[in-house]
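Handing you this structure, nothing more for now.
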Amino acid sequence: MKSYLFRRILYLLPVMLGVSIITFALINLAPGDPAEIILRADGMEPTAEAVAVLREELGLNDPLYIQYGRWLWGVLHLDLGESFRTGRPVAEELFSRLPATLELTCAALVFMVILAVPAGILSALYRHTLVDHLGRLGALAGASLPGFWLGLVLIYLFSVKLGILPVMGRGGLEHLVLPAVTLGFGMAAVYARVLRTGMLDVLGQDYIKVARAKGLKEKWVIGRHALKNALLPAVTLLGMSFGHLLGGAVIVETIFAWPGVGKFAVESIFNRDYPVIQGYALFMAVVFVLANLLVDISYVFLDPRIRLERGE
Amino acid sequence: MSLVPVLKVNNLSTHFHTRHGVIKAADRVSFTVAAGKTLGLVGESGCGKSVTALSILRLIEPPGRILSGEVWLNGCNLLKLPPGQLRQVRGREIALVFQDPLTSLNPVLTIGTQLAETIVSHEEVSRAEARRRVAELLLRVGLPDPERLMRLYPFQLSGGMRQRVMMAMALSLRPKVLIADEPTTALDVTVQAQILAELKRLQEELGMAIILITHDLGVVAAMADEVAVMYAGSIVERGPVAQVFDRPAHPYTRALLRSVPRLGREELVPVVGQPPLLLNLPAHCAFLPRCPQAGAACWGEKPELREIGPGHAAACHRLFPRAS
Amino acid sequence: MSISKNFGAGVAGYSAAGKPAGRARAGPRGLPGEALARLWQDKLALLGLVIILAVVAVAVFAPYIAPNDPVKVDLAQRLAPPGAQYPLGTDHLGRCLLSRLIYGTRVSLATAALALTAIMLISIPLGTLAGYCGGRVDNAVMRVVDVLLAFPGLVLALVIAGMLGPGLLNVMLALAAVWWVGYARVIRGMVLSVKEKEFVLAARACGTRELGIITRHILPNVLSPVIVLATLDMGKLILAISGLSFLGLGAQPPTPEWGAMLNDGRPYMQVAPQLMVYPGLCIMTVVLAFNLLGDGLRDALDPRGITRF
Amino acid sequence: GEQQKEVQEARQELVVGLAADANELKFKEVGIGSPNANIYESLVKLDADYQVQPLLATRWEYRGDNTWRFYLREGVKFHNGEELTAEAVKRSLEEEIRPSGRAVLKIEKGSVKVVDKYTVDIVTTEPNMRVPEILAHPLNGIRAPGVDPVANPTGTGPFRFVRYEKDKELVVERNPDYWGTPPKLDKVTFKYIPDHNTRLMALQAGEIDVAREIPREMLGQVKAMDGVRLATAPQGPYVALSLMVNGKPPHDILRDKTVRQAIGWAIDREAIIQKVWEGNADESQTVIPAGILGEHKNLVQGFGYDPAKAGQLLDDAGWKPGPDGIRTKNGRRLELTLVSGFPSASVLKPLPEVLQQQLRDVGIDVRIVEVADDGLYYGRLEKGEGDLWLERGNQNNGDPTFLPELLYHSRGYQGSTYNKPFWPGEEFDRLIDEARNTPDIREATRLVAEAMHILIDKESTVVPIAALYNVYAVKEKVQGLSPHPAPIHTRWDTAYIKG
Amino acid sequence: MRVSLLEVRDLVKHYPGKGGILAGRREKVRAVDGVSFSLARGETLGLVGESGCGKSTLGRLVVRLEEPTAGKILFAGEETTGRTEGKLRELRRHFQIIFQDSSSSLNPRRTVGATIEEPLANFGVAKEERRERVAELLTLVGLESEHASHYPHEFSGGQRQRINIARALALQPELVVCDEPVSSLDVSIRAQVLNLLRELKRRLNLSYLFISHDLAAVNYLADRVAVMYLGKIVEILPAEGLVSQARHPYTRALLRAVPEPDPRQKTGQKPVVRGEPPDPGRPPAGCRFHPRCPEARDLCRQEEPALKEVREAHLVACHLI
């Protein structure tokens, strides 16, 4: 297993290299000359000479691979350049906002699991009953709701009308509720559907029949034999959901004035703060890759088939 | 035969209600098994063997439904038992072994856990005691080094070992009846021979009754004392193995026996036509379209299973000139 | 020379029953006719289909259905309540809300459909090639896929759209650039499994050329899960597009696009909630319809659930 | 007496909701940008009419030879207890104010001379008659020497820095040792809430007391809210269309002044003000805040709404109505591109669509291009890709030449390259240059007003739409808050909470 | 001896072990590990062996659906190994294959007619003629010409296998590899298909390589029987002598393990060999059968026995003989 983990981590190297190439390439999508933008951001007039001087200074006239090498070298030293807008190191800016985003996405993930697991499982256990139909329709509707819409409606209801939850901002647990629900709801719907099919699959398996034939209590059959098998594949999906949540966080953070990287990224997009956008893409990729790594590792621990088959 | 039947199945009917119509997977199935004896249940794929087995344990799930019948064991009708008591019977009185030992074992639990939980859920024993008994059981089904084995997961075992584990699981509470649903179909012949021998030995030791489901006439011949031949959801012939093989009464049994290739035999006479679908079966004898001896009488209602000799019964109009 | 001279008549006595034995349960699924029959049973999926057909009809016939010019600004009529001239009232610039919603159908559907087309055009050849050729081609494609999958999809789409600047075309490009990856992977996986099927081997054994194998044997068998995926993804794409529009990266005024309309209506959330409610409902209904249909199609075409994730 | 009592009863804490956190921006220092938390004070300040008033300097004079003398207020202490002296002013102006600010003032190291403990001379490197007006900008606030302006911003203002969390909030507290009347508020918290709806709902829910930057379209609903009122500033920012006068085909239509003027007459400003902005704007068409032009503001006339006249002008210019209502001339359709994006497309919404409709009504077809920010806007402008350029501008100091020079002078402000498109001609340049070199502010203002007359009425390279004013949505319990037309000059020390 | 239609010499096929980049070390699976035999025109060679011993791999190698790792295959004297697919195509019409799984060997999205037509189209038969031949072929295998327009899922397993046979025969091949053609079929149908195959062989002078793990079925159809164990042929002998003259301990064990449908014999429940077939990734040293062989000796553990002729047309690979 150790060697599996080792290889799994080793495998990240080429992937991260590719990620870095794409991230680097992103800047070339943008209209306009970075030198010019920097000059403007500094309140200076981008005259032709000034641009030329700055281009030379920034090495923008070097061949792309040299620029890439230089950039990568910087990235490896956690130097993602400086924000055009704030003039501060991008890494620092992102790091300081990352905890807020992680807090939000993790809370949403937890909410998603809390909502989706019982919903998915109940609707599988009571399939073709009212519970199931309502669950299925609810899940489909949930997956069809635009998140920003839901967010604004939730604020209006729970904060303005009922006044039981804060409208916005990051703070205690009560601040987390609405954004996490907004963010997690759509994914929960998707997740519940996946769990339902997974559970139905498992319930049709022979070993479930065998467990019943052995005279095990139904609780035991579901809780021990069915659940574990049904939840295992769902674990992999957790990693993917995390990616979706990171994406969805952008909108939710903007609505709820949540001081995270997503909101920062949107602002940076509108300010054409390219180093920040670049850094954001890279950061999210790293977080996502690490999350998936975590999921894979936990999967290895959870699933004996993988744990014991690899290596040793 | 004056043997006392342990399990008595009477007029068991199980139907599936699907979009396309009703599938009469088991239609008024009746048979008995005596202690220490083996009943072989043979028939083509889809004729209702597994459904019958599952119905006995009441493991049928929607869209299937057990319509009628009685399953007598120890003086109780399993089909009428409240769920709590039924659970007590399952595993302790009747055990089940499936065809595919890989899918029958939960892939994420160790062998030891899966075996021990059977014991623990029926008897007030400590975990340690349960595991001790599991080890003993594993030795008994011919698996060496049980301590190590108990820590393994199903995928780490070979097919034969898994099937032995399944047997150990089934036998862990010394059930009176063992239902083995094609226990060796997935295995190679050499391994099949090992497993069958093991089964025979354990039956002698424990004195249990076995219902052996298979479509391999050879396995029936080797293992069973009595045989029941199923066709399209119903038993068409039932009787002591030697009699049925030597003097098959039902045209289907006869045709089947002639269509199986044997070492050294020169001609094969196939059963014509296709096996029927159990969907919306006609009212008459289901074998009629394939029957070489069909006559006008066969177009009437479905024939009943009737005695044609001691312990030997068949369901065919040609055997009994119409009485009514 | 005719075969009959060689073969003579059929081998007597083995004739199988006259009709094909109509196997209801057995056999691989995925025949158009049978799938449709199964879909017919699924009332929710039918509902989805009906909605989608209706929406497509609305999109096509928008000029004939819309009561007013969708971009005609009439400040005197601003935020008018529903009435004879404006069945759903007007927006903040006095434009007919209903007409805008009707024309918005065109924009939203067309954008999502175009993005989807681009996704297909990239992913089907690449996925098929990777799965069928294996080896180095597969490796190359899959490494690219791995790398793109290392980014959270929506994040990458946002960043690309952000880099390219606002505009529906850019949003479409960004989504296509990110979205094809999942398809390529699914298609490759399916091609791999179909490639191993014995009918492919049989085709090769009887001398069918590679191209024939791909087009006649592999692609048709890969297609139905792709259709399911595409149906479900139409909904997801519409959502993603509206989300990006919400952030201000999408449609340019005065294009009546639902996401942008929603965004425009936000300031009036409390005084004229209909400006947000109707576009939101439109998005939700259409996405729901695609989800319903996709779900039903999945059950009908792909009962094994290859496309489940 | 009674008011005093109320003040004591209520908790004197104010929470202000803002759209964006500008504190982190390059060259902005915590507490100065948006919002100005009144931590720092400049030597002089701008009153609501853009007139320069004493603040840390009680008096100032121009002594010839590019020398401006300022007499400091005595006994003023920084928040860290140090005294405000000429030395501190020198250091602050020469070292701590960002280079661009120094460039505007035209000072460099050594330009500020300590005359005595409370007197400084500012000797500009070239003539600059607008020093006091420029110094009024809060960015030129005086910093305590030797203090980290990010971690611990320290000035002389009525509020002291407490805490700053990026993207979340900035908190300041009352400065008990303030040299003037100490503020009534104990604490002010500025929260950053980018989404307008959320900001407004936060106000409704009572999480904030003041919401700034509420889109004008939303003000109608704010008025209807219980316990919320609007606090408005005198007019400040302007909205105008700048017209490309020397574009190359296809953007050469507006070379014709008649067409430019037709556009001026085609815009129904009243409808825009009343319907789009719900009455929250003013008619003024001077571009420069009317307060700055003062008595001379009537030199600029602007346009009225007269579609018939607009049509006539277009007819005169040879553009005749075509079958679809769009005018044509020699087979060419009257199609113009409107670029919206200064300072950003989102703040100008939904104006482009309204203008599109109004111009269409006189037979001009308009294509809208929205660009996200000023950078892209300038980029487009430099390439000359557009005819009509929709801008919202405002002015933060008292220098009347600032905006005209920045936007329309051929030289541009510090030599911009993008002014040519809207250049109204030599005469304009001459007037602005002269204004800049006139020490007397009233005369300077008159010259600027004349220049604006040329810009708007004569050459019509700019078609003003309206003057705006800042509106804050304020909880009723908040009293004494009077927003400044330029938001950065707003003072919070006069506000208090009524119990 | 007749002219060999098929000649297989020292054929080897190794597969990389399972697992991708992330798996541990990979073991080569020696699916076919040095197999030689020949097959005469009109002859049927039966191939038996336990699951995973390499029967199907051998079959696929023979019809050149796989590239062998080493060894030669000659078809009617022409080498088929080492040819490009283009050069191979002309030869393909002479040898065809029928697979075990009757349903997965038919494309569910093509009609039966299209499926049977495909080989004809590939070799340039005109459209009209194809129609006719499809009808003929369908009748030949006991179906009806109207069935051409139906889809595979409308047929039962036995009928589907008939369709497969029709397709295989479309090009009038000389050799047909039957890879367990009846294993997936119901007992009552097996005999139909076996008889059909036998009848076709007789009529069309076909040669079969008939693969099965069912000794009785092999014995019924084959002229000679080859027994495979872990990638190697351990015994080849004429079918008539299978029951009485088999010499290899494995063949004998197989024969005894097969349960006969005769209650008086009660065969098939005596464990004749111990243990289970080993993993082809790690074949044991020496004789591959030695760990399970009741008569194994030291020599068997060390040295691999070669296939030796013990009588005419009877070869055995065992040290004990």
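Order of writing sets the chain letters: A, B, C, D and E. Residues in each chain are counted from 1.
The rule we apply is simple: a contact is a pair of C-beta atoms (placed from the backbone, for glycine too) under 8 Å apart; a residue touches a chain by one contact, two chains touch by 3 or more.
Keep in mind the model is a prediction, meaning the values are calculated, not measured.
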{"item": "Lowest number of touching-chain links that must be crossed from chain A to chain C", "value": "1"}
{"item": "Between A-B and C-E, the pair with more C-beta contacts", "value": "C-E"}
{"item": "Distance-maximising chain from chain E - centres being C-alpha averages", "value": "D"}
{"item": "Centroid spacing, where centroids are CA-atom means, of chain B and chain E in whole angstrom", "value": "32"}
{"item": "Separation of chain C from chain D, taking each centre as the mean of its C-alpha atoms, in whole Å", "value": "48"}
{"item": "Rounded Å distance, chain A centre to chain D centre (Cα mean)", "value": "40"}
{"item": "Residue list for chain C, restricted to those that touch at least two other chains", "value": "14, 16, 21-23, 165, 248, 266, 269-270"}
{"item": "For chain D, residues contacting two or more additional chains", "value": "197, 346, 372, 376"}
{"item": "Contacts with 2+ other chains: residues of chain A", "value": "31, 152, 156, 254, 269-270"}
{"item": "Contact footprint of chain D on chain C as seen in their complex", "value": "71-76, 78, 92-94, 165-166, 248, 252-254, 264, 266-271"}
{"item": "Touching residues on chain D, where the partner in the complex is chain C", "value": "196-197, 200, 215, 217-218, 220-221, 224, 268, 271-272, 275-276, 345-346, 349-350, 352-354, 356-358, 368-372, 376"}
{"item": "Contact footprint of chain E on chain B as seen in their complex", "value": "44-45, 158-161, 188-194, 196-198, 200, 215-223, 241-242, 245-246, 255-257, 259-265, 268-272, 274-275"}
{"item": "Chain C to chain E touching residues, read off their complex", "value": "2-4, 6-11, 14-16, 18, 20-23, 26-31, 34, 197-199, 201-210, 212, 216-217, 220-221"}
{"item": "Chain B to chain A touching residues, read off their complex", "value": "54, 57, 59, 62, 87-92, 94-96, 98, 100, 103-110, 117-118, 121-122, 153, 155-156, 166, 169"}
